[in-house]
Amino acid sequence: MKKLEAKCEIDVEFYDLDPMNVVWHGNYVKYLEKARCDLLEKIGYTYDDMKKDNSAYPVAKMELKFIKPALFRQKLLVKTEIESVEPSLNINYTITDKKTGEKLLKAKTMQIRVAIDSMESVYEAPAEFLKKIEEFGGQKS
Amino acid sequence: MKKLEAKCEIDVEFYDLDPMNVVWHGNYVKYLEKARCDLLEKIGYTYDDMKKDNSAYPVAKMELKFIKPALFRQKLLVKTEIESVEPSLNINYTITDKKTGEKLLKAKTMQIRVAIDSMESVYEAPAEFLKKIEEFGGQKS
Amino acid sequence: MKKLEAKCEIDVEFYDLDPMNVVWHGNYVKYLEKARCDLLEKIGYTYDDMKKDNSAYPVAKMELKFIKPALFRQKLLVKTEIESVEPSLNINYTITDKKTGEKLLKAKTMQIRVAIDSMESVYEAPAEFLKKIEEFGGQKS
Amino acid sequence: MKKLEAKCEIDVEFYDLDPMNVVWHGNYVKYLEKARCDLLEKIGYTYDDMKKDNSAYPVAKMELKFIKPALFRQKLLVKTEIESVEPSLNINYTITDKKTGEKLLKAKTMQIRVAIDSMESVYEAPAEFLKKIEEFGGQKS
(Lines give C-alpha, C1' and ligand atoms only; values in the text may rest on other atoms or scores of the structure.)
Protein backbone atom coordinates (compact mmCIF):
# COMPACT_ATOMS: atom_id res chain seq x y z
CA MET A 1 0.00 0.00 0.00
CA LYS A 2 1.23 3.45 -0.96
CA LYS A 3 2.32 5.59 1.96
CA LEU A 4 0.78 9.03 2.42
CA GLU A 5 3.98 10.94 1.92
CA ALA A 6 5.57 13.60 -0.23
CA LYS A 7 8.85 15.40 -0.73
CA CYS A 8 9.33 19.12 -1.12
CA GLU A 9 12.47 21.05 -2.03
CA ILE A 10 13.54 24.22 -0.24
CA ASP A 11 16.31 26.65 -1.18
CA VAL A 12 17.65 28.51 1.83
CA GLU A 13 17.48 32.24 1.10
CA PHE A 14 19.41 35.12 2.66
CA TYR A 15 16.32 36.62 4.30
CA ASP A 16 15.85 33.44 6.35
CA LEU A 17 19.29 33.68 8.00
CA ASP A 18 20.13 35.08 11.41
CA PRO A 19 23.33 36.61 12.79
CA MET A 20 24.78 33.12 13.33
CA ASN A 21 24.72 32.70 9.53
CA VAL A 22 22.17 29.91 9.79
CA VAL A 23 18.41 29.72 9.23
CA TRP A 24 16.63 31.42 12.14
CA HIS A 25 14.85 28.62 14.03
CA GLY A 26 11.36 30.09 13.57
CA ASN A 27 11.70 30.07 9.78
CA TYR A 28 11.54 26.28 9.61
CA VAL A 29 7.83 26.61 10.41
CA LYS A 30 7.47 28.11 6.92
CA TYR A 31 9.32 25.20 5.35
CA LEU A 32 6.97 22.78 7.13
CA GLU A 33 3.91 24.66 5.91
CA LYS A 34 5.13 24.68 2.31
CA ALA A 35 5.78 20.93 2.50
CA ARG A 36 2.37 20.29 4.05
CA CYS A 37 0.65 22.19 1.23
CA ASP A 38 2.58 20.19 -1.34
CA LEU A 39 1.54 16.95 0.36
CA LEU A 40 -2.14 17.94 0.38
CA GLU A 41 -1.93 19.01 -3.25
CA LYS A 42 -0.40 15.65 -4.18
CA ILE A 43 -3.26 13.85 -2.43
CA GLY A 44 -5.69 16.18 -4.19
CA TYR A 45 -7.29 17.80 -1.16
CA THR A 46 -6.25 21.45 -1.01
CA TYR A 47 -7.20 24.48 1.11
CA ASP A 48 -9.94 25.23 -1.44
CA ASP A 49 -11.40 21.76 -0.96
CA MET A 50 -11.33 22.30 2.80
CA LYS A 51 -13.30 25.51 2.40
CA LYS A 52 -15.90 23.74 0.22
CA ASP A 53 -16.22 21.27 3.10
CA ASN A 54 -16.78 24.17 5.55
CA SER A 55 -13.49 23.23 7.17
CA ALA A 56 -10.27 24.82 8.27
CA TYR A 57 -7.36 22.95 9.79
CA PRO A 58 -5.57 25.25 12.22
CA VAL A 59 -2.37 23.93 13.77
CA ALA A 60 -3.15 22.98 17.37
CA LYS A 61 0.29 21.71 18.32
CA MET A 62 3.73 21.62 16.81
CA GLU A 63 7.03 20.23 17.92
CA LEU A 64 10.38 20.84 16.27
CA LYS A 65 13.74 19.23 17.01
CA PHE A 66 16.73 21.05 15.55
CA ILE A 67 19.56 18.67 14.76
CA LYS A 68 21.87 20.70 12.50
CA PRO A 69 21.47 24.25 11.22
CA ALA A 70 20.80 24.96 7.54
CA LEU A 71 23.09 27.32 5.65
CA PHE A 72 22.75 29.95 2.90
CA ARG A 73 21.76 28.49 -0.47
CA GLN A 74 21.73 24.95 0.95
CA LYS A 75 19.22 22.76 -0.85
CA LEU A 76 16.92 20.98 1.56
CA LEU A 77 14.40 18.20 1.24
CA VAL A 78 11.34 18.16 3.47
CA LYS A 79 9.81 14.71 3.69
CA THR A 80 6.25 14.73 4.98
CA GLU A 81 4.17 11.79 6.09
CA ILE A 82 0.61 11.65 7.35
CA GLU A 83 0.52 9.74 10.62
CA SER A 84 -3.22 9.96 11.17
CA VAL A 85 -6.26 11.78 9.78
CA GLU A 86 -8.73 11.25 12.63
CA PRO A 87 -9.45 12.46 15.26
CA SER A 88 -6.79 15.01 14.24
CA LEU A 89 -4.55 15.43 11.21
CA ASN A 90 -1.07 14.48 12.40
CA ILE A 91 1.87 14.97 10.07
CA ASN A 92 5.54 14.10 10.59
CA TYR A 93 8.38 15.96 8.89
CA THR A 94 12.05 15.30 8.32
CA ILE A 95 14.32 17.90 6.77
CA THR A 96 17.54 16.62 5.21
CA ASP A 97 20.30 18.02 3.03
CA LYS A 98 19.27 17.28 -0.54
CA LYS A 99 22.69 16.01 -1.63
CA THR A 100 24.10 14.24 1.40
CA GLY A 101 20.86 13.14 3.04
CA GLU A 102 22.15 14.42 6.37
CA LYS A 103 19.31 15.01 8.82
CA LEU A 104 18.75 18.62 9.97
CA LEU A 105 15.34 18.67 11.65
CA LYS A 106 12.47 16.49 12.76
CA ALA A 107 9.01 17.89 13.42
CA LYS A 108 5.39 17.00 14.08
CA THR A 109 2.21 18.98 13.69
CA MET A 110 -1.28 18.25 14.92
CA GLN A 111 -4.17 20.02 13.19
CA ILE A 112 -7.76 19.92 14.37
CA ARG A 113 -10.60 20.29 11.90
CA VAL A 114 -12.80 23.28 12.63
CA ALA A 115 -16.22 23.92 11.05
CA ILE A 116 -15.92 27.41 9.59
CA ASP A 117 -19.55 28.39 10.24
CA SER A 118 -19.75 27.36 13.89
CA MET A 119 -16.00 27.49 14.68
CA GLU A 120 -16.45 24.20 16.52
CA SER A 121 -13.95 21.38 16.48
CA VAL A 122 -14.84 18.31 14.44
CA TYR A 123 -13.09 15.03 15.11
CA GLU A 124 -14.08 13.30 11.88
CA ALA A 125 -12.34 14.10 8.62
CA PRO A 126 -14.44 15.31 5.66
CA ALA A 127 -15.71 12.41 3.49
CA GLU A 128 -14.03 13.96 0.44
CA PHE A 129 -10.66 14.02 2.21
CA LEU A 130 -10.96 10.36 3.19
CA LYS A 131 -11.99 9.47 -0.37
CA LYS A 132 -8.96 11.29 -1.83
CA ILE A 133 -6.66 9.51 0.61
CA GLU A 134 -8.10 6.16 -0.42
CA GLU A 135 -7.76 6.98 -4.12
CA PHE A 136 -4.19 8.05 -3.46
CA GLY A 137 -3.67 4.57 -2.04
CA GLY A 138 -3.09 5.37 1.58
CA GLN A 139 -4.46 3.90 4.74
CA LYS A 140 -7.25 5.98 6.28
CA SER A 141 -5.74 6.48 9.69
CA MET B 1 -2.68 74.11 13.19
CA LYS B 2 -1.80 70.65 14.53
CA LYS B 3 0.21 68.54 12.16
CA LEU B 4 -1.06 65.09 11.22
CA GLU B 5 1.81 63.22 12.75
CA ALA B 6 2.65 60.58 15.30
CA LYS B 7 5.60 58.82 16.88
CA CYS B 8 5.97 55.09 17.40
CA GLU B 9 8.64 53.21 19.32
CA ILE B 10 10.28 50.06 17.99
CA ASP B 11 12.61 47.66 19.79
CA VAL B 12 14.89 45.81 17.41
CA GLU B 13 14.52 42.09 18.05
CA PHE B 14 16.90 39.23 17.21
CA TYR B 15 14.55 37.68 14.64
CA ASP B 16 14.76 40.87 12.54
CA LEU B 17 18.54 40.67 12.14
CA ASP B 18 20.47 39.30 9.20
CA PRO B 19 23.97 37.78 8.97
CA MET B 20 25.49 41.30 8.92
CA ASN B 21 24.16 41.71 12.50
CA VAL B 22 21.81 44.49 11.40
CA VAL B 23 18.08 44.61 10.68
CA TRP B 24 17.38 42.91 7.34
CA HIS B 25 16.29 45.69 4.98
CA GLY B 26 12.87 44.18 4.25
CA ASN B 27 11.93 44.19 7.93
CA TYR B 28 11.70 47.98 8.04
CA VAL B 29 8.46 47.61 6.06
CA LYS B 30 6.97 46.10 9.22
CA TYR B 31 8.17 49.04 11.30
CA LEU B 32 6.52 51.43 8.85
CA GLU B 33 3.25 49.53 8.98
CA LYS B 34 3.20 49.51 12.79
CA ALA B 35 3.85 53.27 12.81
CA ARG B 36 1.12 53.86 10.21
CA CYS B 37 -1.42 51.93 12.31
CA ASP B 38 -0.47 53.96 15.37
CA LEU B 39 -0.91 57.19 13.42
CA LEU B 40 -4.36 56.16 12.18
CA GLU B 41 -5.35 55.08 15.69
CA LYS B 42 -4.26 58.45 17.06
CA ILE B 43 -6.41 60.20 14.45
CA GLY B 44 -9.26 57.84 15.31
CA TYR B 45 -9.74 56.22 11.92
CA THR B 46 -8.66 52.59 12.13
CA TYR B 47 -8.83 49.54 9.83
CA ASP B 48 -12.24 48.76 11.32
CA ASP B 49 -13.50 52.22 10.38
CA MET B 50 -12.18 51.69 6.85
CA LYS B 51 -14.16 48.45 6.59
CA LYS B 52 -17.33 50.19 7.77
CA ASP B 53 -16.70 52.66 4.94
CA ASN B 54 -16.40 49.76 2.46
CA SER B 55 -12.77 50.73 2.01
CA ALA B 56 -9.34 49.20 2.04
CA TYR B 57 -6.12 51.12 1.59
CA PRO B 58 -3.59 48.83 -0.11
CA VAL B 59 -0.08 50.19 -0.52
CA ALA B 60 0.38 51.16 -4.16
CA LYS B 61 3.91 52.46 -3.93
CA MET B 62 6.66 52.58 -1.36
CA GLU B 63 10.13 54.01 -1.32
CA LEU B 64 12.75 53.42 1.36
CA LYS B 65 16.14 55.07 1.77
CA PHE B 66 18.48 53.29 4.14
CA ILE B 67 20.87 55.69 5.84
CA LYS B 68 22.31 53.70 8.73
CA PRO B 69 21.56 50.13 9.80
CA ALA B 70 19.70 49.40 13.05
CA LEU B 71 21.28 47.07 15.61
CA PHE B 72 20.09 44.43 18.09
CA ARG B 73 18.00 45.87 20.95
CA GLN B 74 18.41 49.42 19.59
CA LYS B 75 15.42 51.57 20.46
CA LEU B 76 14.02 53.32 17.39
CA LEU B 77 11.53 56.08 16.87
CA VAL B 78 9.37 56.08 13.74
CA LYS B 79 7.97 59.52 13.03
CA THR B 80 5.02 59.47 10.62
CA GLU B 81 3.40 62.40 8.89
CA ILE B 82 0.45 62.48 6.51
CA GLU B 83 1.43 64.39 3.39
CA SER B 84 -1.92 64.13 1.62
CA VAL B 85 -5.21 62.28 1.94
CA GLU B 86 -6.61 62.79 -1.58
CA PRO B 87 -6.39 61.59 -4.29
CA SER B 88 -4.20 59.07 -2.44
CA LEU B 89 -3.08 58.66 1.17
CA ASN B 90 0.57 59.64 1.21
CA ILE B 91 2.59 59.18 4.38
CA ASN B 92 6.21 60.09 5.11
CA TYR B 93 8.34 58.27 7.65
CA THR B 94 11.61 58.97 9.40
CA ILE B 95 13.26 56.40 11.62
CA THR B 96 15.77 57.69 14.16
CA ASP B 97 17.66 56.32 17.13
CA LYS B 98 15.51 57.06 20.17
CA LYS B 99 18.37 58.36 22.31
CA THR B 100 20.69 60.14 19.91
CA GLY B 101 18.15 61.22 17.30
CA GLU B 102 20.48 59.93 14.58
CA LYS B 103 18.63 59.33 11.33
CA LEU B 104 18.51 55.72 10.09
CA LEU B 105 15.86 55.63 7.36
CA LYS B 106 13.50 57.78 5.36
CA ALA B 107 10.47 56.36 3.57
CA LYS B 108 7.26 57.22 1.77
CA THR B 109 4.15 55.18 1.08
CA MET B 110 1.26 55.89 -1.23
CA GLN B 111 -2.02 54.07 -0.56
CA ILE B 112 -5.01 54.15 -2.86
CA ARG B 113 -8.51 53.73 -1.48
CA VAL B 114 -10.32 50.71 -2.91
CA ALA B 115 -14.04 50.03 -2.57
CA ILE B 116 -14.20 46.53 -1.06
CA ASP B 117 -17.40 45.50 -2.88
CA SER B 118 -16.40 46.57 -6.41
CA MET B 119 -12.60 46.47 -5.90
CA GLU B 120 -12.44 49.75 -7.79
CA SER B 121 -10.12 52.62 -6.94
CA VAL B 122 -11.69 55.66 -5.31
CA TYR B 123 -9.84 58.95 -5.36
CA GLU B 124 -11.87 60.65 -2.64
CA ALA B 125 -11.31 59.88 1.00
CA PRO B 126 -14.26 58.63 3.11
CA ALA B 127 -16.21 61.52 4.72
CA GLU B 128 -15.61 59.99 8.16
CA PHE B 129 -11.84 59.96 7.61
CA LEU B 130 -11.85 63.63 6.58
CA LYS B 131 -13.98 64.49 9.61
CA LYS B 132 -11.62 62.73 11.98
CA ILE B 133 -8.67 64.52 10.43
CA GLU B 134 -10.40 67.86 10.91
CA GLU B 135 -11.29 67.02 14.53
CA PHE B 136 -7.69 66.01 15.09
CA GLY B 137 -6.76 69.47 13.94
CA GLY B 138 -4.99 68.66 10.73
CA GLN B 139 -5.24 70.17 7.29
CA LYS B 140 -7.29 68.05 4.89
CA SER B 141 -4.70 67.55 2.21
CA MET C 1 12.67 32.50 46.89
CA LYS C 2 12.13 34.65 43.81
CA LYS C 3 11.10 32.72 40.76
CA LEU C 4 13.09 33.10 37.55
CA GLU C 5 10.30 34.63 35.56
CA ALA C 6 9.37 37.69 33.56
CA LYS C 7 6.47 39.20 31.67
CA CYS C 8 6.62 40.75 28.23
CA GLU C 9 3.93 42.67 26.36
CA ILE C 10 3.15 42.09 22.69
CA ASP C 11 0.91 44.13 20.39
CA VAL C 12 -0.44 42.05 17.52
CA GLU C 13 0.38 43.81 14.27
CA PHE C 14 -1.25 43.51 10.84
CA TYR C 15 1.83 41.93 9.24
CA ASP C 16 1.57 38.98 11.65
CA LEU C 17 -1.94 38.04 10.53
CA ASP C 18 -2.94 35.36 8.03
CA PRO C 19 -6.00 35.02 5.78
CA MET C 20 -8.02 33.68 8.74
CA ASN C 21 -7.59 37.13 10.37
CA VAL C 22 -5.55 35.65 13.19
CA VAL C 23 -1.83 35.55 13.96
CA TRP C 24 -0.15 33.05 11.64
CA HIS C 25 0.95 30.17 13.88
CA GLY C 26 4.67 30.50 13.02
CA ASN C 27 4.77 34.11 14.20
CA TYR C 28 4.34 33.13 17.84
CA VAL C 29 7.94 31.90 17.69
CA LYS C 30 8.93 35.57 17.42
CA TYR C 31 6.84 36.47 20.46
CA LEU C 32 8.57 33.71 22.43
CA GLU C 33 11.99 34.95 21.40
CA LYS C 34 11.21 38.53 22.38
CA ALA C 35 9.97 37.33 25.78
CA ARG C 36 13.05 35.16 26.27
CA CYS C 37 15.35 38.12 25.55
CA ASP C 38 13.43 40.24 28.05
CA LEU C 39 13.76 37.52 30.68
CA LEU C 40 17.52 37.23 30.16
CA GLU C 41 17.88 41.01 30.27
CA LYS C 42 15.97 41.11 33.54
CA ILE C 43 18.32 38.49 35.00
CA GLY C 44 21.24 40.47 33.63
CA TYR C 45 22.73 37.85 31.33
CA THR C 46 22.24 38.96 27.72
CA TYR C 47 23.42 37.72 24.30
CA ASP C 48 26.49 39.94 24.71
CA ASP C 49 27.35 38.23 27.98
CA MET C 50 26.93 34.84 26.28
CA LYS C 51 29.42 35.89 23.60
CA LYS C 52 31.93 37.01 26.24
CA ASP C 53 31.55 33.51 27.70
CA ASN C 54 32.28 31.99 24.25
CA SER C 55 28.72 30.69 24.26
CA ALA C 56 25.68 30.59 22.07
CA TYR C 57 22.37 29.06 23.04
CA PRO C 58 20.68 27.73 19.89
CA VAL C 59 17.18 26.36 20.30
CA ALA C 60 17.40 22.57 20.15
CA LYS C 61 13.74 21.82 20.67
CA MET C 62 10.50 23.74 20.84
CA GLU C 63 6.91 22.79 21.43
CA LEU C 64 3.90 25.05 20.99
CA LYS C 65 0.28 24.39 21.91
CA PHE C 66 -2.20 26.76 20.33
CA ILE C 67 -5.27 27.23 22.50
CA LYS C 68 -6.97 30.31 21.05
CA PRO C 69 -5.89 32.52 18.13
CA ALA C 70 -4.71 36.09 18.71
CA LEU C 71 -6.39 38.94 16.83
CA PHE C 72 -5.37 42.25 15.28
CA ARG C 73 -4.23 44.84 17.84
CA GLN C 74 -4.89 42.45 20.71
CA LYS C 75 -2.59 43.11 23.63
CA LEU C 76 -0.85 39.95 24.79
CA LEU C 77 1.23 39.04 27.79
CA VAL C 78 3.98 36.45 27.46
CA LYS C 79 4.93 34.99 30.80
CA THR C 80 8.31 33.23 30.78
CA GLU C 81 9.75 30.98 33.44
CA ILE C 82 13.11 29.21 33.56
CA GLU C 83 12.54 25.55 34.32
CA SER C 84 16.19 24.52 34.35
CA VAL C 85 19.59 25.91 33.41
CA GLU C 86 21.61 22.69 33.30
CA PRO C 87 22.20 20.47 31.41
CA SER C 88 20.11 22.58 29.05
CA LEU C 89 18.31 25.92 29.35
CA ASN C 90 14.62 25.05 29.48
CA ILE C 91 12.06 27.85 29.43
CA ASN C 92 8.27 27.65 29.68
CA TYR C 93 5.96 30.24 28.15
CA THR C 94 2.32 31.14 28.55
CA ILE C 95 0.65 33.72 26.34
CA THR C 96 -2.52 35.30 27.67
CA ASP C 97 -4.77 38.20 26.73
CA LYS C 98 -3.49 41.18 28.70
CA LYS C 99 -6.93 42.34 29.83
CA THR C 100 -8.93 39.18 30.38
CA GLY C 101 -6.08 36.81 31.26
CA GLU C 102 -7.52 34.27 28.85
CA LYS C 103 -4.92 31.68 27.84
CA LEU C 104 -3.93 31.61 24.15
CA LEU C 105 -0.78 29.51 23.95
CA LYS C 106 1.58 27.38 25.97
CA ALA C 107 5.12 26.62 24.83
CA LYS C 108 8.47 25.20 25.88
CA THR C 109 11.94 25.67 24.47
CA MET C 110 15.13 23.76 25.16
CA GLN C 111 18.41 25.48 24.36
CA ILE C 112 21.79 23.79 24.49
CA ARG C 113 24.92 25.80 25.22
CA VAL C 114 27.46 25.64 22.42
CA ALA C 115 31.07 26.81 22.68
CA ILE C 116 31.48 29.27 19.82
CA ASP C 117 35.12 28.41 19.09
CA SER C 118 34.75 24.62 18.94
CA MET C 119 31.01 24.48 18.15
CA GLU C 120 30.75 21.70 20.73
CA SER C 121 27.85 21.27 23.11
CA VAL C 122 28.50 22.15 26.76
CA TYR C 123 26.19 20.81 29.44
CA GLU C 124 27.28 23.20 32.18
CA ALA C 125 26.05 26.77 32.27
CA PRO C 126 28.63 29.60 32.30
CA ALA C 127 29.66 30.59 35.88
CA GLU C 128 28.60 34.17 35.18
CA PHE C 129 25.09 33.03 34.19
CA LEU C 130 24.72 30.97 37.37
CA LYS C 131 25.97 33.91 39.44
CA LYS C 132 23.44 36.28 37.86
CA ILE C 133 20.65 33.79 38.51
CA GLU C 134 21.66 33.53 42.15
CA GLU C 135 21.87 37.32 42.52
CA PHE C 136 18.45 37.55 40.91
CA GLY C 137 17.23 35.28 43.66
CA GLY C 138 16.38 32.20 41.66
CA GLN C 139 17.14 28.59 42.25
CA LYS C 140 20.00 27.29 40.09
CA SER C 141 18.24 24.45 38.41
CA MET D 1 25.26 41.76 -26.77
CA LYS D 2 23.73 39.62 -24.03
CA LYS D 3 21.69 41.56 -21.52
CA LEU D 4 22.48 41.22 -17.82
CA GLU D 5 19.21 39.67 -16.85
CA ALA D 6 17.69 36.60 -15.28
CA LYS D 7 14.34 35.06 -14.43
CA CYS D 8 13.36 33.51 -11.15
CA GLU D 9 10.22 31.55 -10.26
CA ILE D 10 8.28 32.12 -7.06
CA ASP D 11 5.42 30.06 -5.63
CA VAL D 12 3.17 32.10 -3.39
CA GLU D 13 2.89 30.33 -0.04
CA PHE D 14 0.21 30.63 2.65
CA TYR D 15 2.58 32.24 5.17
CA ASP D 16 3.10 35.19 2.81
CA LEU D 17 -0.60 36.09 2.71
CA ASP D 18 -2.39 38.75 4.73
CA PRO D 19 -6.03 39.06 5.83
CA MET D 20 -6.97 40.38 2.36
CA ASN D 21 -6.01 36.94 0.99
CA VAL D 22 -3.15 38.44 -1.02
CA VAL D 23 0.61 38.58 -0.50
CA TRP D 24 1.40 41.11 2.24
CA HIS D 25 3.16 44.00 0.50
CA GLY D 26 6.37 43.72 2.52
CA ASN D 27 6.90 40.11 1.47
CA TYR D 28 7.70 41.09 -2.11
CA VAL D 29 11.03 42.35 -0.77
CA LYS D 30 11.91 38.69 -0.19
CA TYR D 31 10.96 37.78 -3.76
CA LEU D 32 13.21 40.56 -5.04
CA GLU D 33 16.11 39.35 -2.92
CA LYS D 34 15.73 35.76 -4.11
CA ALA D 35 15.68 36.97 -7.71
CA ARG D 36 18.74 39.17 -7.17
CA CYS D 37 20.69 36.22 -5.72
CA ASP D 38 19.72 34.09 -8.71
CA LEU D 39 20.88 36.81 -11.09
CA LEU D 40 24.25 37.14 -9.33
CA GLU D 41 24.67 33.38 -9.31
CA LYS D 42 23.96 33.25 -13.03
CA ILE D 43 26.64 35.89 -13.64
CA GLY D 44 28.96 33.94 -11.37
CA TYR D 45 29.57 36.57 -8.71
CA THR D 46 27.94 35.45 -5.48
CA TYR D 47 27.88 36.70 -1.86
CA ASP D 48 30.95 34.51 -1.20
CA ASP D 49 32.82 36.25 -4.03
CA MET D 50 31.83 39.61 -2.56
CA LYS D 51 33.29 38.59 0.81
CA LYS D 52 36.55 37.50 -0.85
CA ASP D 53 36.65 41.00 -2.35
CA ASN D 54 36.17 42.53 1.14
CA SER D 55 32.80 43.79 -0.05
CA ALA D 56 29.20 43.84 1.00
CA TYR D 57 26.39 45.34 -1.02
CA PRO D 58 23.74 46.65 1.39
CA VAL D 59 20.55 47.98 -0.18
CA ALA D 60 20.66 51.78 0.03
CA LYS D 61 17.37 52.49 -1.67
CA MET D 62 14.40 50.54 -2.90
CA GLU D 63 11.21 51.46 -4.65
CA LEU D 64 8.24 49.16 -5.23
CA LYS D 65 5.13 49.79 -7.30
CA PHE D 66 2.27 47.39 -6.64
CA ILE D 67 0.11 46.89 -9.70
CA LYS D 68 -1.94 43.81 -8.90
CA PRO D 69 -1.86 41.60 -5.80
CA ALA D 70 -0.53 38.04 -5.93
CA LEU D 71 -2.70 35.16 -4.72
CA PHE D 72 -2.21 31.86 -2.89
CA ARG D 73 -0.26 29.29 -4.92
CA GLN D 74 0.01 31.68 -7.87
CA LYS D 75 3.18 31.05 -9.84
CA LEU D 76 5.17 34.23 -10.37
CA LEU D 77 8.11 35.16 -12.53
CA VAL D 78 10.57 37.77 -11.29
CA LYS D 79 12.57 39.26 -14.15
CA THR D 80 15.73 41.05 -13.01
CA GLU D 81 17.97 43.30 -15.04
CA ILE D 82 21.15 45.12 -14.04
CA GLU D 83 20.82 48.77 -14.95
CA SER D 84 24.26 49.84 -13.77
CA VAL D 85 27.18 48.49 -11.75
CA GLU D 86 29.04 51.72 -10.98
CA PRO D 87 28.93 53.95 -9.00
CA SER D 88 26.19 51.80 -7.46
CA LEU D 89 24.62 48.46 -8.33
CA ASN D 90 21.17 49.28 -9.68
CA ILE D 91 18.76 46.47 -10.49
CA ASN D 92 15.27 46.62 -11.99
CA TYR D 93 12.61 44.01 -11.30
CA THR D 94 9.31 43.07 -12.89
CA ILE D 95 7.03 40.46 -11.35
CA THR D 96 4.49 38.85 -13.65
CA ASP D 97 2.08 35.95 -13.51
CA LYS D 98 3.98 32.97 -14.92
CA LYS D 99 1.13 31.77 -17.14
CA THR D 100 -0.60 34.92 -18.34
CA GLY D 101 2.35 37.32 -18.24
CA GLU D 102 0.17 39.85 -16.44
CA LYS D 103 2.26 42.45 -14.63
CA LEU D 104 1.96 42.53 -10.81
CA LEU D 105 4.86 44.66 -9.57
CA LYS D 106 7.73 46.82 -10.71
CA ALA D 107 10.69 47.61 -8.46
CA LYS D 108 14.18 49.06 -8.32
CA THR D 109 16.98 48.62 -5.85
CA MET D 110 20.20 50.56 -5.46
CA GLN D 111 23.05 48.89 -3.59
CA ILE D 112 26.26 50.61 -2.59
CA ARG D 113 29.48 48.64 -2.24
CA VAL D 114 30.95 48.80 1.25
CA ALA D 115 34.46 47.69 2.20
CA ILE D 116 33.90 45.21 5.04
CA ASP D 117 37.09 46.11 6.95
CA SER D 118 36.66 49.91 6.96
CA MET D 119 32.87 49.99 6.45
CA GLU D 120 33.43 52.78 3.93
CA SER D 121 31.50 53.19 0.71
CA VAL D 122 33.34 52.32 -2.49
CA TYR D 123 32.05 53.64 -5.80
CA GLU D 124 33.99 51.27 -8.05
CA ALA D 125 32.89 47.68 -8.53
CA PRO D 126 35.37 44.88 -7.69
CA ALA D 127 37.55 43.92 -10.70
CA GLU D 128 36.34 40.31 -10.40
CA PHE D 129 32.70 41.41 -10.63
CA LEU D 130 33.39 43.47 -13.77
CA LYS D 131 35.29 40.55 -15.29
CA LYS D 132 32.41 38.15 -14.64
CA ILE D 133 29.97 40.59 -16.17
CA GLU D 134 32.14 40.87 -19.28
CA GLU D 135 32.48 37.08 -19.54
CA PHE D 136 28.73 36.81 -19.17
CA GLY D 137 28.49 39.08 -22.18
CA GLY D 138 26.99 42.15 -20.60
CA GLN D 139 27.85 45.80 -20.89
CA LYS D 140 29.80 47.11 -17.90
CA SER D 141 27.50 49.89 -16.93
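For reference, chains read A, B, C and D in written order, and residue numbers begin at 1 within each chain.
By definition in this document, contacts are C-beta pairs under 8 Å (C-beta built on N, C-alpha and C of every residue); 3 or more make two chains touch, one makes a residue touch a chain.
For clarity, every value in this text was computed on a predicted model and none was experimentally measured.
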In terms of CA centroids, furthest away from chain C sits chain D
Which of these, A-B, B-C or A-D, gives back the C-D interface, meaning over half of its contact pairs coincide by residue number? A-B
Rounded to the nearest whole Å, what is the centre-to-centre distance of chain A and chain D, using the mean of the C-alpha atoms as each centre? 30
Separation of chain B from chain D, taking each centre as the mean of its C-alpha atoms, in whole Å: 25
Listed in rising order, chain A residues that touch 2 or more other chains are 14-15, 26, 29-30, 33, 72
Looking at the complex, which residues from chain D come into contact with chain B? 20, 25-26, 29-30, 33, 56, 58-66, 69
Flag every residue of chain B that touches chain A in the complex, lowest number first. 14-15, 17-19, 21, 24, 26, 72
If you look only at chain D, which of its residues touch chain A in the complex? 11, 13-15, 29-30, 33-34, 37, 46-47, 72-73
